[in-house]
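What follows is a group of structures, each given as C-alpha cells.
Below are two complexes that have chain A in common, paired first with chain B and then with chain C.
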Partner chain A sequence: MTELALAAFAAERDVHVIRAPHGRVFAMFARRFDEAGYLARLQRGGVRWLARSDDDFPPLLRAIHDPPAGLFVRGAAEVELLRRPAVAVVGARSCSPYGAQVARMLGRELAAAGLVVVSGLARGVDGEAHRGALESGGPTVAVLGCGIDRDYPAAHGELASRIRATGLAVSEYAPGVEPAPWRFPARNRIIAGLSAATVVVEARERSGALITVDLALEEGREVFAVPGEITSALSRGANDLLRLGATPLTSSDDVLELFGLEQAPAEAVELGPAADAVLARLRDAPASADELARATGLDAGALASALTELELAGIAVASGGVYRAG
Partner chain B sequence: MLARTVTHALVGLEARRVEVEAHLQRGVPGFAIVGLADRACQEAKERVRSGIASAELEWPVRRITVNLAPAGLRKEGSGFDLPIALSILAASGQLPRERLADHAAVGELALDGRLRPVGGVLALAEAARQAGLPRILCAARSAPEAALAGIDPVPVRHLAEAAAYLRGEGEPEPYVERNGHPPEPPSLDLADVRGQERARRALEIAAAGGHNLLLAGPPGTGKTMLARRLPGILPSLTPAEALEVTRIHSVAGLLAADRPLVTSRPLRSPHYSSSVAAIVGGGSGPKPGEVSLAHRGVLVLDEFAEFQRSALEALRQPLEDGVVSIARAGGRAIFPARFQLVAAMNLCPCGARGDPAAECSCSPQRLASFRDKLSRALLDRFDLVVAMPRPRAAELAAAAAEPSEPVRGRVAAARERIEAGRPKWSKEATELLDRAVERLPLSGRGRARARRVAETIAALAAEPGVGAEHLAEALAYRSPTELGTA
Partner chain C sequence: MTELALAAFAAERDVHVIRAPHGRVFAMFARRFDEAGYLARLQRGGVRWLARSDDDFPPLLRAIHDPPAGLFVRGAAEVELLRRPAVAVVGARSCSPYGAQVARMLGRELAAAGLVVVSGLARGVDGEAHRGALESGGPTVAVLGCGIDRDYPAAHGELASRIRATGLAVSEYAPGVEPAPWRFPARNRIIAGLSAATVVVEARERSGALITVDLALEEGREVFAVPGEITSALSRGANDLLRLGATPLTSSDDVLELFGLEQAPAEAVELGPAADAVLARLRDAPASADELARATGLDAGALASALTELELAGIAVASGGVYRAG
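Now for the complex of A and B:
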C-alpha cells in the first residue's frame, strides 16, 4: 500500500500529488518509507489514516475524478460517518448577519433531520454551519485545507475541538502541513466530493465557495443556492448560480426532500402574548428593538423581555441590535 | 534665631504635616532649602526673596537655612512659599513667633508679594483642623475651599497683609460665606435624544443600579449624547460625597474659585489617546487620573475600542475595587475611584456594522484584531450592553422624548428600594436563569451580572420580588456574541 507513502511524500515535498509519480525520487522515498512507524506516530497524535483503497473510504469521494490518496481523520466518531448522506454548506467568510443566520439554521435543521453537515471550518458561513449542527447535537465534518494537526483559522480552535468531540475533522494533508492559498481550492473538492448536495449560502462574485460548486457540478451533485438581496455584493455569487439554474433554497425542506427526509418536528413552544405579537412583526422583516416597540406598542422593558423569550426559544436571533426571525 | 511654621504636603490625597524651620546664623549671606524639596519648591527661594522685598519687609542679610521636616518626605509644588517666607520673617524677629504656632499656612508667592492659590487646599485644611490648628493662612481665593474643612480661614491677598495680621495690627477682610453658591449650569437633558428607547431604558437601569454600560453601534446614533446625560438622572451627591469629590478635584487644581464645593456628579470624558497615567493617575508625586476625577460620577469613554489596550486593562482594578493605588518609591498613594463607566464604540473598525445604509468593509482579520482588543475580562465588567442600530428617519421625527426630571425620580425611588434589601427570586425567574445558562453563551460572571441587573429592574418596577419578566429583560442587555470572540 503506497498511499500513505504518497501522502507523506506530498507533505515533505510541499506538493500536491494524488497518484504515485514516476521517477526515482518517489521510488526512493517509497523504499525508505517506514509505514508502520509513521502509522504509530499518527496514532499517538490521535490521527487515523483512511486510504483511498480502504473499504471504508467514502464511495462518493472515491467517485470524483481526482480523489485524494487518502484522508487523515481526527475525532471521536467512526469513519463510517463519512459514508452517511452528507450536505455541504459553504459560503463567504465575511458573511452578513443574514448569511450567518441562514447557515446556522441550515446546519441545525439538516443535522437534526439526520444528515451530516460538511464544511470547511472557515470563518463566516462555514463556522456557522458547523455551530448549527453542533447545536442540534448532530455530527458534523470539518474538511481542513492544512495539516490534520493544525487548527486553522486559530480563532476556530475551540470550535474545531467541539467538532472533533462528536464528529470528525478530515484532511488529505499529513500533520505539519502549513495552510497555503492553493490548498483551499483542493480542499473544496473534498467538501463537494463527500456530499451528495452542496448549499451555497452567501458568496461574492469570485468566491472560494463557487469553486466548491463547480466541482460539485462536475461530479453531477445537486447544488442549492440561497437567494440573497439583489443589491448586496455578498449575494452576487449565489444569485448568479440561481440564474444559471441552481435550485433555490427557501427552507431546509428543499434539501431534505432530495434525501427523502422530513424535518424533525419542532418542539412546540408556548409563547406569551407579547412575544407572539413581536414574532408576527419579525416574520415580515428584520427590525431593531425600537422599531418593534413602535410596531407593537410595547414599552422598551416589556419588549426586551419578549425578545429574550424568543431568543431562548431559538426563534429569533440578534445581530448588531437588529433582530431576525429564524 | 529659629522659627517654625506648620504646613502640609500632599501624598496623593493624604496631607502630611510638614514643619518649615528657618534658621539664621552669622556668616556669608546665603539661602539654602533642605529637606527633599523638588524643583518648584527650590525655586521658592527667588519668589520668597522678591516677595519679602515687595512687601517692604527686610530680607535678613544672614546665612539662611530652611529645613522642611520630616526630611524624608518628598515635597512638591509652590505651596511652601508662604510658610517659608513667614518662618524667615519670624526668625529675623519681624513677626511674633508664638503667633505662628497656632496657624497653618499655604500659598504661592508672586514676585510682587501677592498670594496665589494652590491645589489641594481642602485636604490641607482638613489635616490642619485634625492637627488642632484653629486657623489657616491661605490665598483669598482658596479661602472658600478651606472653609469647607470646618477650619477658620484667614484670607490673605498679600504677604504684607499676612505680616500685619500676625503682628496683630489688623485682621484681613474676613471671609464672608456667600449666600449659597451660584447655580450650576443645567446638566444635559434626556429630552434632546430622539428615539433609541431601548438605550434610554438601559441608561435608566444603569442609573438605578449603578451598573456599567456599553453602547455599541454605528456613528451618529446618539451613543455619546446618551452617555453624557447619565449624570443628569443620577441622584445628587450627599454632603459627604460632595466633600470627597471636592477634595480630589482640589488636589487636581480643577476647582472653580466661585464654586468651591462640587455639588453635581462629575462627568469625565478623556480622549482615546490618553495615556495610562492620565486615566488611572500617576506621576512622581502621584496625581489623580480621570477615574478618580470621575469618582461618584460618570466616566465616559467614547470610541472605547480605540483606547490603548494597556489603558483599558488598567481600568480593571478601579472597576473592581473602587480605588486606585499607586506605589512610588516615596510611598503609596490611594485615590478613590468609584465611578460609573459608560463606554461607546462602533461595532467594527469601519463603523458600518449595524447601519442598514452602509456595507461593512472590514476584513475578517481586522475585525478579529478589533475584537481581540476588548478582552473578555474587560467586557465582563459591563453589566449592560446595548447595540444601537441606526434609527430610521421616522424615529428621529418622533415627538420630543421624556425629559430627565421624571427619570431621575424613578431612579431615586429604585435606589431606595435597592438599599432596603435584596429582593426574593421567584421560582419562574430561577428556572429561566438555568435555562438561559444552558441555551445562551453565558459565563459564570455573565450569570451573576444578569442577576444583578434583574434585581435592579425589579426595583425600578417597584416589585418586591424578581419575576421571570425582569430577568428576561436583563438578559436582553447581555453582551452580544459579535463583540465576543465566539
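Now for the complex of A and C:
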C-alpha cells in the first residue's frame, strides 16, 4: 500500500482519509491500484506527487497531528521550496480596502526578505498576499482546497498560473476532486502546517481564517493578528485574537524578527511637494478627494496629479472613492 | 503651613511643588499667607479647595507617588464624584474621524453604565470622550493643565461649562496660572491617578497620551489600548501599546467587566430597508457616498435619505467625505 493509493482512493470515494482504512474496500482498491500508470498520468498533467514518507516532504507539515498522505504539486519551483521558512497570510475573502492593502504589503515585504508566503488562493486577503509576494519577485505557495488540476476560484485562474510560474500550487486532493465546503478547513490545516507563523489580516467572527489560527495554535506555531478598527466587522476576528493573546502585527518587521530576518531596504521615492502634502494627510487617516483638496488647499488638477504620483509610486491606493496611505 | 499655601506659592512662583520646600523663601510666604482671605476669594469665584489631607480627597489620587497638594474644584457636582469608579479616556488632539467616533462612543457607554469619565478637555479624543459622557447624562471630570479659572483650549469654553453644569473641572493649579507645555505631563498624572483604568483611543508615537499610560502603569492601574489600522500614524501609539502587552479594547464591555458592570441596554432602532443596506455596507468598511451608491444600488435621493436616517439615529457619522458605521 502506498500513500498515493490512499490519495487516489480518497479522490475516487470523495472522502477525507489520511491513514489506510481497515477493511476490504480499501484493501481491494489498493491491490488494483496501478501506481506507475497513475504517476505517468500525473506527470503528463504537469503534476508531481510528494508522499508523506518522502524525505523531501516538508517537516513542519509532517509534524502536525493529521498530516496528509502526501501533496500533489504543480509549478516551476522545486519541492524544496516547501521546506523553506514560510509564513501563512490569511483572512477574509470579502476584505476591505485596508485588509487588501495590508495583505499585499505583507506579501511583498515578507517575500522580499526571503520568506515563502503561503496562502489559499481565495479572493480577498489570500489573493492579495500572493500578489504581493509575486510583486517582489518571491516564489509563493498556494494551497488548494480542491483537486490540484482545478483553478478555484475561477476568477483567480490567471493568478494561479502566475504563482505556478515561479512558485508552487499544492493540494492533498488528486486531480478531478471538486471544491467542497468541508475541504476548506482541511486545506487550512495544510496552510498552517507548512508555516512557522500564521498572520491573520482581517477576519470576521467565526471565519475560516480563525480555523487556520486554531490549527496553528494547536501545533504550537506563532500567530500574529493585524489590529483593525473596532468599529469594523471585518476586523472583529483579528481584534478578538488580540484579546486572546495573539501577537499584534504592526509591521512586517514583527514577523521577520521571529525568523531573525531584516526587511529589504525600501527604494527611496522622491515626491513633489503636492504629493508630499497629500501623503502627510493620508498617513493620519483615509480620505476622499474632496477632503484631500480641503486639507491641502490644492486645486483639482494639482490634487489629481499628486494622487497619480502617489499611486504610481505604490504609496497610496484608492478604493471606493477613499484614498489610503500604503 | 497648609497645603493651600503650597498651591498658592506654586502659582505665585510659577513652579511645580507638591511638598513644602525647605528654606526661607517658602517659610516667609507661608507666614504671610492669608488662608481665610484666599478661600473667600476662591469661593466668590465658584472654586472649592480639596486638600490632599482632606478626608474627601480621592484615595486613588492620594495613592500615586507624587499626589498634588490638593485640587481646585469647579462645577455643580459634589467632590464625592472624584471618589467614584472612574476611567480615563485619552488620546490624540488631532485625532481621525475613527478616533473621534470611538472616544465619543466610549464616553457615552462608560458613563451610561455608571462610570465617571475623566479626561483633559483637550481637542480631539479628550473632548469627544467628555461629550459622549454628557450625551448619556453622566457627570464627567475635566482635569486642567492650567489654573482652575481658565478655559483652555479656548475653543472648548462652552464644553467646559457644560461639564461643570453636571460634573467637575479640577486642577492642581490655582486661579491665574497660565497653561504651559510642562504642565500637561503633570496634569496627565492626575488624569491617570483619579482613574482605575486608562483607555488610549488614538495616539501618535511619543505623545502625551502615552505619558498618561506610563503614569497609569507605574501606579499599577489597568491600561487599555484601542486597536487601529497599522497604516495610520494616529494609531501607532495605541498599536505599539498592544505589542507591549496592553489589553486591547474592542468594546466598552472590556472596561465594564473590570468594574463588574454591564452595559446599559441600547435603545432598539427601527431602520428602513435602504438604511439597513447602507449600514450593512458601512459595517465592513468606511465608504464614500459614491461607493455606497455603487454597493447598494440606491439612487442619489434614496441614498441621501438613508444616510440622513442613519446619522440622525447616531449609527453612522460622516467626516471628510467618508461615512462610517457607529
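Everything that follows uses one rule, which is that the second predicted complex is superposed on the first by the 325 of 326 C-alpha atoms of A that agree within 3 Å, B and C clash if a C-alpha of one lies under 4 Å from a C-alpha of the other, contacts with A are read in each partner's own complex, and residues count from 1 in each chain.
We take it that contacts are C-beta pairs under 8 Å (C-beta built on N, C-alpha and C of every residue); 3 or more make two chains touch, one makes a residue touch a chain.
Nothing here was measured: the structure is a model prediction, and the numbers come from that model.
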* Could you tell me whether chain B and chain C fit or clash when both sit on chain A in the superposition? => clash
* Per-residue touch tally on chain A - higher for chain B or for chain C -> C
* To do: For A:Pro248, decide between first (touching chain B), second (touching chain C), both and neither.
  => second
* Asked: Can A:Gly320 be said to touch chain B (first), chain C (second), both, or neither?
  -> both
* **Which of chain B and chain C A:Asp284 touches, first, second, both or neither** => second
* Using the superposition on chain A described above, determine whether A:Ser232 touches chain B (first), chain C (second), both, or neither. => both
* Using the superposition on chain A described above, determine whether A:Ala155 touches chain B (first), chain C (second), both, or neither. => first
* When the two structures are overlaid on chain A, which partner does A:Ser94 contact: first (chain B), second (chain C), both, or neither? -> both
* Determine, under the contact definition given at the top, whether A:Gln263 touches first (chain B), second (chain C), both, or neither. => neither
* Please indicate which partner A:Glu309 is in contact with in the superposed arrangement: first for chain B, second for chain C, both, or neither. => first
* For A:Val102, decide between first (touching chain B), second (touching chain C), both and neither. => second
* To do: From the options 188-196, 224-232, 368-376 or 386-394, pick the one stretch of chain B whose C-alpha atoms clash with chain C.
  => 386-394
* Asked: Do chain B and chain C land on any of the same chain A residues, and which?
  -> 94, 232-233, 288-291, 294, 319-322
* To do: Under the touch definition given earlier, write down the residues of chain B that touch chain A in their complex.
  => 195-198, 200-201, 216-217, 347, 353-354, 356, 359-360, 362-364, 367-368, 386-389, 391-392, 395, 432, 435-436, 439-440, 457, 461, 469-470, 472-473, 475-477, 480, 482, 485
* Write out the stretch or stretches of chain A touching chain B in their complex. => 93-94, 123-124, 155, 232-233, 288-291, 293-294, 299-309, 311-312, 314, 318-322
* Structure fact -> The chain C residues in contact with chain A across the complex are 94, 96-98, 101-102, 226-236, 239-240, 242-243, 247-251, 254, 283-291, 294-295, 319-322, 324-326
